[in-house]
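A short worksheet on the structure shown next.
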């Protein structure tokens, strides 16, 4: 079935919860209100015409600093400097969080994408782990890396990082840690190195147009 | 055994069963453990040999790849895709460039597509060989490991000749592949390797391991994953096909040059026990090696002339604003990329849906009630790669 | 003759970049050769034990990432690390002599790695395999969870560069470790042209 | 022993020794010899194991140590282990932890006393020789259980529990398989058993009757399980229990386990040779020129090679399948062998 037809079925079911349908570059996307995401997912899974028995992917997104004009001027993330120190910024963070759900039906062989948006202050979406088991870990990962809470999740612990980790690294304003749990995470400090680095010779300027090589 | 259990047996004097306190033994398997295929950690709660609860703990190899994707440009990030599934790096390259080209709307020349198929399928064979070998190792058979690594070395040699690297290649670029075929001898060598694989090596492995009585006893009817479980846990790849579901992204959601070729999707038949047991998952991989050989032969025999890159190598790549989810069939299953572009040279967000991550989750359900040895068999048959789970 | 390795060169010792890396062992060995009160029996016993140590370096089965596959490949048919007596991979650190840190060390893994190192009995050696273990490798810039070099956590004897290093390089690293145990400078001295070339590599500021 | 005493008597300066002194000297000599042979066999077989594994796996195995095909590899291993740090975990039960490896080594060492190497050349010529061997070699079980318990490590505990269950169970088919031979010989004396097999291949017990042929294979399978080697290496199962009962052992104490594994391996092979394969008798009259002790050892080494071949080929069985195999398959078959062989003996008179 076409994505638009599925969206119409969905809109019929959840009413005001369906916020719109966009087609353009990339996949067609149905925007759904956070409150009705569980209803929408349950409907899409159970309805005979949709029959989405598998959730392919759940992706959390931090829309902070996204260039809405498509000019590629989005905010650049922070890293370590070449001397291994964390970079810092004064920029204030804003922008919503988003969650994208990519669904697939093995029987009918069609795909569908749902997307929700929540504000940075709320940062909480109802869980769909009761609908598809696989959402359980995907949501834990999104909580871990982006700090999006999933209300009603049975076991919302960090997935990849340790419980004592500070911050959510995939946020655009995340500042790299220099140390965690007494383990040094910043790079080598050349000032204390017994083998001092060779003085840098004159580097030719990189050709314009391409980003210089990183790392 | 708790007091109730003793009573339930009916053997003891019912009135005078002493108060017995029992608790489950917590067992910590990993991160340094020979059977966890890397740095996975499994927290087990066991009663003797029986496992009552499995809690996977990962992140010991969390290398921040998704963060890096937002920092480096599109072409530079191909390097990091190699390091997801380091057993089948070509498949990972293929998945990423497919997603990127879908976002860019970029066409790829025929020759490039064919070379991609050849490289990815060779890589798939290598990955399956390692998977079968380590599964055998988990079952205590050490020798097949070395036999399969012997053939893997041949594949690495072939790929080194075309891509320049021994294990991690950075071979595919947006719009094609990095290098053309080095010479005609390479094509001949690949074809002769494929012939050798089909006629000699796969039967050899079957004799050595697949139809070994002890091996069948260990794996048949062990840790059966039903199709329903597989769907709801999002299992894909040989794990799903081992459960008897005929699904393969190469056929059902075609990409690249795959629609042109003729190949079959092997599924678990339940030859040795129930459908979806460890032996089925193992044997599906063995059959897939043969299908990959078929694909390679077809792709090389119909290799068209012409360019192999659509974009000049030194030219920067820009992707328009928009979001795509693109998926390909990696050696472990469905490898998807959720890619958001903002019109620039760097991805705004790149979420990787890795097959091992989803496949591993099934352990929390299927692993319960099994013996410790069977759990090792289950983890081995899922064929996880920690680089892909933790990213 | 056991000796303590000093971290600073002696006074007046001309430290060029070439011999910087090897001066400690060389100097000690020179002193050993020149000393008049050389105890032949002890030296011989010591040499025998050193020979035993270097001929049977048992690595611990400890794979971290991509490099672990190359480590297995080094133990497999074509490269066969067992030829050097280092093929007996022990699953428990208690019985191992060598820890090959094969791959990226993350923040979460660092503690475990230290624990495994502590569990190994003396004498023990560590080999940092691959650029991630040496200095963070490709994960230097944005790797918030990656330790930029395993030598922040455990002392490293031999660095094996590459991403991942080929099995031949791992074997080379093993032989350099054997040289170190033997207490001698390795036969392979870094050629002059490599050093010259290294000087020319632009250092990014 | 008698042969040794005679040898010492003939030595210069020993003519006027008392009988007791002679006996004591001979016993001390014999014990030293046994220990040396045992240590030697452990060293030779570790090297052989690695070479055989290499041969089966398309590679070389040790090549550098000692120049010629790495012959000194095991020597270097042992020397290195001697120099390793000896760790006793803080939480371990120290007494048991220290005593366990000694007990394991003792168990395999004691059993060597009753092995008949050549006519008259046996350390302890016991009337209950075979019985004695099986009795003392069960000491190993206690040692393994102690090692696993005292380590205070869960993997070690698992390994020890598995090992104890396995070895206790497999003692039964092991002993049952030798009963038909004892019935044939009418004696438990190890020398008598070998002497009864004189006269070429056809007189070896393995070829005496079909039931004995089956009993030999029962013995062989049980002996693999008894020595904890693949496919029955439950107590150490590398891929499941890290290193099993010796997970926490390092240095010399680990070497004791290592030593006893190979000593045991050679021991059960020698018993197989002694009981079923004609002991020191050559298979063909032509080969009688070879000294009997050498024939005995060559046969033993061939059995060891066969054992290694099995180990490096087969996958491992699961622990419940192992028990199933023992109690429901092998013990009934071994009992049938006893019965069938007894009937044949009655019929033959």
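Per-chain numbering from 1; labels A, B, C and D assigned in written order.
Just so we're on the same page, a residue touches a chain if its C-beta (ideal position, glycine included) is under 8 Å from a C-beta of that chain, and two chains touch if they have at least 3 such contacts.
Predicted, not measured: the structure shown is a model, and the values here were computed from it.
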So which chain ends up in the middle if you average the CA atoms?
B
By number of C-beta pairs in contact, which chain pair leads?
A-B
How many Å are there between the centre of chain A and the centre of chain B, using C-alpha atoms for each centre?
24
Which whole number of Å gives the spacing of the CA centres of chain B and chain C?
33
Provide the C-alpha centroid distance between chain A and chain D, rounded to the nearest whole angstrom.
62
How many angstrom lie between the centres of chain A and chain C, each centre taken as the mean Cα position?
40
For chain A, residues that touch 2 or more chains besides their own:
77, 79, 160-162, 169, 174, 214-215
If I count partner chains per residue in chain B, which residues reach a count of at least 2?
33-34, 59, 62, 64, 67, 70-72, 146-147, 150
At least two other chains touched by the same residue of chain D: list those residues.
57-59, 238, 242
Please give all chain pairs that are in touch with each other.
A-B, A-C, B-C, B-D, C-D
Spell out the part of chain B that touches chain A in their complex, as residue ranges.
58-59, 62, 64, 66-67, 70-73, 76, 102-103, 105, 231-234, 245, 247, 252-253, 314, 316, 318, 320-325, 327, 334, 336, 338, 340-346, 348-349, 351, 353, 357-358, 361, 365, 390-391
Contacting residues of chain A [partner chain C, same complex]:
77, 79-80, 82, 84, 160-162, 169, 174, 176-177, 180-181, 183-188, 194-195, 197-201, 203-204, 214-215
Would you tell me which residues of chain B are touching chain D in their complex?
25, 27-28, 33-35, 49, 136-143, 146-147, 150, 208-209, 212, 214-215, 217-218, 371-374, 376
Would you tell me which residues of chain D are touching chain C in their complex?
50, 54, 57-65, 70, 72-73, 75-80, 83-87, 238, 242-243, 246-251, 254
Of all residues in chain A, which touch chain B in the complex?
24-27, 29, 53-57, 59-62, 66-67, 69-74, 76-77, 79, 100, 102, 106, 109, 111, 113, 132-134, 136-137, 145, 158-162, 169-170, 172, 174, 209-211, 213-215
